[in-house]
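What follows is a set of structures for review.
Below, subunit A partners subunit B and then partners subunit C, in two separate complexes.
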Partner chain A sequence: MPAALRRLAPLLWLSPALALIGVVVLWPVVVMVQSSFQQIGGEGFVVGYNGTTNYHNLFHEPDFVSVLLRTVVWVVVVVAVTVLLSLGLAQLLHQKFPGRRLTRWALIIPWAASVMMTALIFKWALDPNVGVINVILHHIGVVKQYGSNQADWLGNPTSALAWMMAVAIFVSLPFTTYAILSGLQGIPGDVYEAAQIDGATSWRSYLGVTLPLLRPAILVATLINVINVFNSFPIIWEMTRGGPGYETSTSTIYMIDLKQSDVGQAASMSVFNFLLVIVIVLVYLSTTRWKEQVDQ
Partner chain B sequence: MITTTKPAPRLDTAGRTAPRKRRPLRTWVIAVAAYVIAVIFLLPYLEMLVMALRPNNELGLATILPKHWTFSNFTTLWSSGLGGSIGTSLEIAAGATVIVLLVALPAAYCSARRRFRGRVAFLLLVLATQMFQPAAMLVGIQREFSDFGLPPTLSLIVVNAAFNLAFAVWILTAFFASIPVELEEAAMVDGLGRVGALTRITLPLAAPGIVTALIFTFIAAWNEFLVALTLSLGQAPSQQPLTVAINNYIGEYSVDWGHLFAAGLVATVPVIILFAFIERRVVSGLTAGAVK
Partner chain C sequence: MDKKFARRICGGAALAVAGTLALAACSSGGGSSSGGSGATTLKLVVADYGTGPSNASAKYWDGIVAAFEQAHPDIKVNVTSIAWTNFDQQVQTMIQNKQYPDITEGDYFSNYAQDGLLYSASDVLSDPGNLLQTFKQQGTYNGVQYGMPFTTSSRTLFYNKKLFAQAGITSAPQTWADVQTDAAKITKMGDVGFGLPLGAEEAQAESLLWMLGDGGGYQTGGKYTINSAPNVAAFTFLKGLVSAKDTEPNPGTVNRTDLWQQFAQGKIGMINGSPALIPIIQSAGVLQASDWTSVPIAGKNGPLTDTLGVCDNVAAFKPNGHEAQVKEFLDFAYQDKYQLAFDKEYDLLPATTTATKALSSDAVFAPFLTALPNSVQYPSNTTWATVKSKIQQTIGLAVTGSPMTELSQLQQMATTSAS
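== the complex of A and B ==
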């Protein structure tokens, strides 16, 4: 076979993957950026280019700033609590005890089930009149009366956000815990023996030995969670639709709502979201000195 | 390179052959805490079962468990076109899985075996697509695919395949790279030929990775909601994938919770069982490339 052909051979093996990524993942980004500078009518009919009008209108939407701030809070709280709880859970499931295999299987259920279904279960369980969480809270005396404002958790923006964050954390825990667990399994046992000989208590050896060695696992798990939580859609959409008003909307929900009325402006919101994700990821990577980790 | 995670089974078996010691109290405290957490993770899905078995006339009762139990939600489920939705979801999930395998296998094999120019760039591109979520580019996807004019099921097959390609390429590259080239060469010397070496030696050895990629793609496509909701808008319920069709039980004024959760169980239980098979290898595939 001629040398030139041999050098092109890898392209042949990779071309189906490149084509699929190009057409379905990269091209929509181009279409999205293009749409964000167009005026688009109700049926997706392009009226024409309108410069930066979509962006201008978007930044002057009355709810824009509050939606962005809420998105930041949503991402930070959900990811931070998820990682903290997962550190504990992973430590627990790393111990040896009878039935460990089964408990690990129970943990994967929210990961394997569709997030939409989990969100619907909680929407039902929080029903102000008959939802099972309210029934339990009524039995232990927290909820005084069915159907009251107090029992209508999803009707009040603050309590609705709190419950939805709890659901988001619940469905993020399995992957995060498993990622940290696989990090724990990669730490050789003699590291602990050395720490023990040096007289470190278990808490001290956790902070001094385990956590630093877990850093790569925690980094990746956090990064993947940030991306997922930022884009998370089914939980808020199923439980409150972002309402009342936009008071429980994050930027993804807001964008999807905009899409119903003004596709061009929704596209500009998407582009903005997209840049925001890239910025979050870059800031996160630079503050955690990611390069050093990868180079090691 | 990427290694699959293995819990240390050696210690367990050693403990079994040695004279059995009484488990210390600490072990039982840990075990009980773990069981409680396991139950917490299980409860929401048990509630789904309780609701599916609750008679409709007890939906308005504020009780944890129903007074009577009924299977009628499961038997009447099929008259609402749910069978069609299951078929649509199966087509989408199976179609996406087949495409991912056909596309990812050659790409991963080539990336693992040959050091060509652009290899790192390709693997980085694939890793970057893992950071791209359909939700972030929904407007672009919707406009592009409405221009294509493909039937929704076909569009969803292609979209799900593309967004799950990264996981498959990474885990398969790791598996192929872990199989020594010498094994293939030896097989070729023995007269198997290149194709024979590939199908008789390499692919069987990479089978755990292939099965993981296959099941993971299937589950992700089966559970996908947002793109399905967007692209199957206006379809007859039986033509919509299961995740979208389940939402048809939510009416303007009332929700058919019994049927909704019965359908939810049908949609959820099979994938939980499938997931248990690949559970150990999924993490290494998702975090691969990031921690090398």
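== the complex of A and C ==
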């Protein structure tokens, strides 16, 4: 008995963590999938089994396709721009310069501040009549008149989406930059020396040495960003609530709105989102051949 | 068996148990708890009518609660106040998560009565007959009154007399045509002609005021008629107004609170408002009493005789089982002095017969009070909660896209959710 028990001992040590994952991660997924097949009214009472009606209704919502397309654009643009900017920022913070420590600390601020708060501040700053961004733009002659259509950035779906993407990028930069910065610090200096001896220019050694060695860091940063940005809620909720209509809604916002009237259908939207994220992540992992990266 | 190992196993098991217990404790946070010594805690959730910290509704309720707790040491009341923009959604989330309030004051929806979640007015009020009869129907489900009016108001058209004079307009707007020409003149001077809040906050009210202008409305004889010809005509008119830039830009994204503030700043010519706009104008201090006035709302061919009468309701929730305590509290809070204090604070109207009598000689309130019995109200169907939130989200598109298409989508949604 002791021998058999001994082999089971690690399980006991793992059990708190497993229980946590089970209750906090797996159980909600089970409930979510279950709810998506039930008829649940706006008050949260389960009326009964609903078959695939929730999914059928969801796919036939007039706004469904445009919301999905918008979500894809939202994720791709926000993550791509974030990673590009972060590559530059990380390179900058990797240099030795006076005040570097302070600059690195300062970069944490958008990350540390509540996203809800950041979104609200931007919303106020974009107020068509008195917002500080409009005041500045007015003074430099870009915005001709306060309160005009042009100054109402968040009223027009296209410009609203662009501003919200900018805010999403702003709050994603710190984490991404730090992830890449730590990757940079892990690259040994002698590789650069070797490149230099071989006559590589600094641009050449960035492309040939830095970027390839940064791949694991970029990979992880991108993945976490994709998942975060896909599920991003506070920015759009605070700045436009997805409106006018659903013209600035991503699938997460759309799900929240559905939950008001039909919890079952909202659950089916959640399941769809969940599967979509998994598919995106798997496609990304397979195209970047993550196994080779991790095994290196 | 070695002792160390046994201890380890026990430790591990204990940890696992502790972990699970902690999680269980987290997940069962709902419901209201009764303290020791038999004291009951009531959870009161109210909408915030204030325009800032100085007149926040929490203050008004804290005053009532303090007096009430002194008279009833065995009952504690926790007040949660929620901004109007989030009120419906937050209350609904509480209910979906089974964290029921005991009393809400704000919007009331009959679907909660349908689900058996509410006490009836006669369960929790000693004298339910004192509630204004005008609003009884709206709070009634299956012949029983559940929604108890707490404060009421009616809508009128406010306009800025100063801007009107500058634009050379001499008479008050009475018809849609008046609105259009007056708005165009004011817009020409660089201000907003007509403030049209079709954003999520109150789109359902603004829309109804225009629908009524041509004899339309959300329902005819209890059936949804959202895409009726008069309603489409109303939105076609609004679309014209918007495309001529006689309103603020993008009305579908603009909320009432923001526009009321701008009206108070003297930047808007006309706007539909309730008496609650008056304190906002006064606290802004830009417009003198002689600079603005309010008149009956403009309709297609003349001012409305029936306007939108709005009442905000108290609802008492059953699941926590505090019937006796809720009754104690509501009887206390519905006293005339608190009704009148609320109306004085926010320039709203009372919802009980006795308080109305006390106010009927008041010069400011009397005209609004006489208009109340003729008022049109929102639908009282159990589907209204859902339909309303959809209207709030999408009806603003009807002034940029096709009025017929948008209203028909809402109509279809309203009739399918009726099943």
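Throughout what follows, the second predicted complex is superposed on the first by the 295 of 296 C-alpha atoms of A that agree within 3 Å, B and C clash if a C-alpha of one lies under 4 Å from a C-alpha of the other, contacts with A are read in each partner's own complex, and residues count from 1 in each chain.
The rule we apply is simple: a contact is a pair of C-beta atoms (placed from the backbone, for glycine too) under 8 Å apart; a residue touches a chain by one contact, two chains touch by 3 or more.
Being a predicted model, the structure only gives us computed values, none of them experimental.
Judged by the touch definition given at the top, the superposed model places A:V277 against subunit B, while subunit C stays out of reach. By the document's definition of touching, both partners, subunit B and subunit C, reach A:W13. When the shared chain is aligned, subunit B comes close enough to touch A:F122, but subunit C does not.
By the touch criterion stated above, A:F45 is placed in contact with subunit C alone, subunit B being left untouched.
Contact with subunit C, but none with subunit B, is seen for A:L154 once the two complexes are overlaid on the shared chain. Once the two complexes are overlaid on the shared chain, A:I169 sits clear of subunit B and of subunit C alike. Touch criterion met: A:S261 reaches subunit C, while subunit B stays clear of it. Within the superposed three-chain model, A:G243 lies in touch with subunit C and out of touch with subunit B [touch as defined at top]. Number of subunit A residues touched is higher for B, counting subunit B against subunit C.
When the two complexes are overlaid on their common chain A, residue A:V220 makes contact with subunit B while staying clear of subunit C.
When the two complexes are superposed on chain A, the residues of subunit A that touch both subunit B and subunit C are 9, 13, 16, 20, 23-24, 44, 129, 259, 263. For subunit A in complex with subunit B, the touching residues are 7, 9-10, 13-14, 16-18, 20-21, 23-25, 27-32, 35, 44, 89, 92-93, 95-100, 102-118, 120-122, 124-125, 129-130, 132, 134-136, 138, 146, 170, 174-175, 178-179, 181-182, 185-186, 216-217, 219-221, 223-224, 227-228, 231-234, 252, 255-256, 259, 263, 266-267, 270, 273-274, 277, 281, 293-294.
Listing the residues of subunit B that touch subunit A in their complex gives 5-8, 11-12, 23, 27-28, 30-31, 33-35, 37-39, 41-42, 44-45, 47-48, 51, 59-64, 99, 102-104, 106-107, 109-111, 114, 116-119, 122, 125-126, 129-133, 135-144, 146, 158-159, 161-163, 165, 169, 219, 222-223, 225-226, 243, 246-247, 255, 257, 260-261, 264, 267-268, 271-272, 274-276, 279, 282-284, 286-287, 290-292. Residues 1-2, 5, 8-9, 12-13, 15-16, 18-20, 23, 27, 88-89, 92, 95-98, 111-112, 115, 117, 190, 192, 199-200, 245, 248-250, 252-254, 262, 267, 385-386, 389-390, 393-394, 396-397, 400, 409, 417 of subunit C are the ones that touch subunit A when the two sit in their complex. Residues 1-2, 5-6, 9, 12-13, 15-16, 19-20, 23-24, 41-45, 62, 128-129, 145, 147-149, 152, 154-156, 160, 240-247, 257, 259-263 of subunit A are the ones touching subunit C in the complex.
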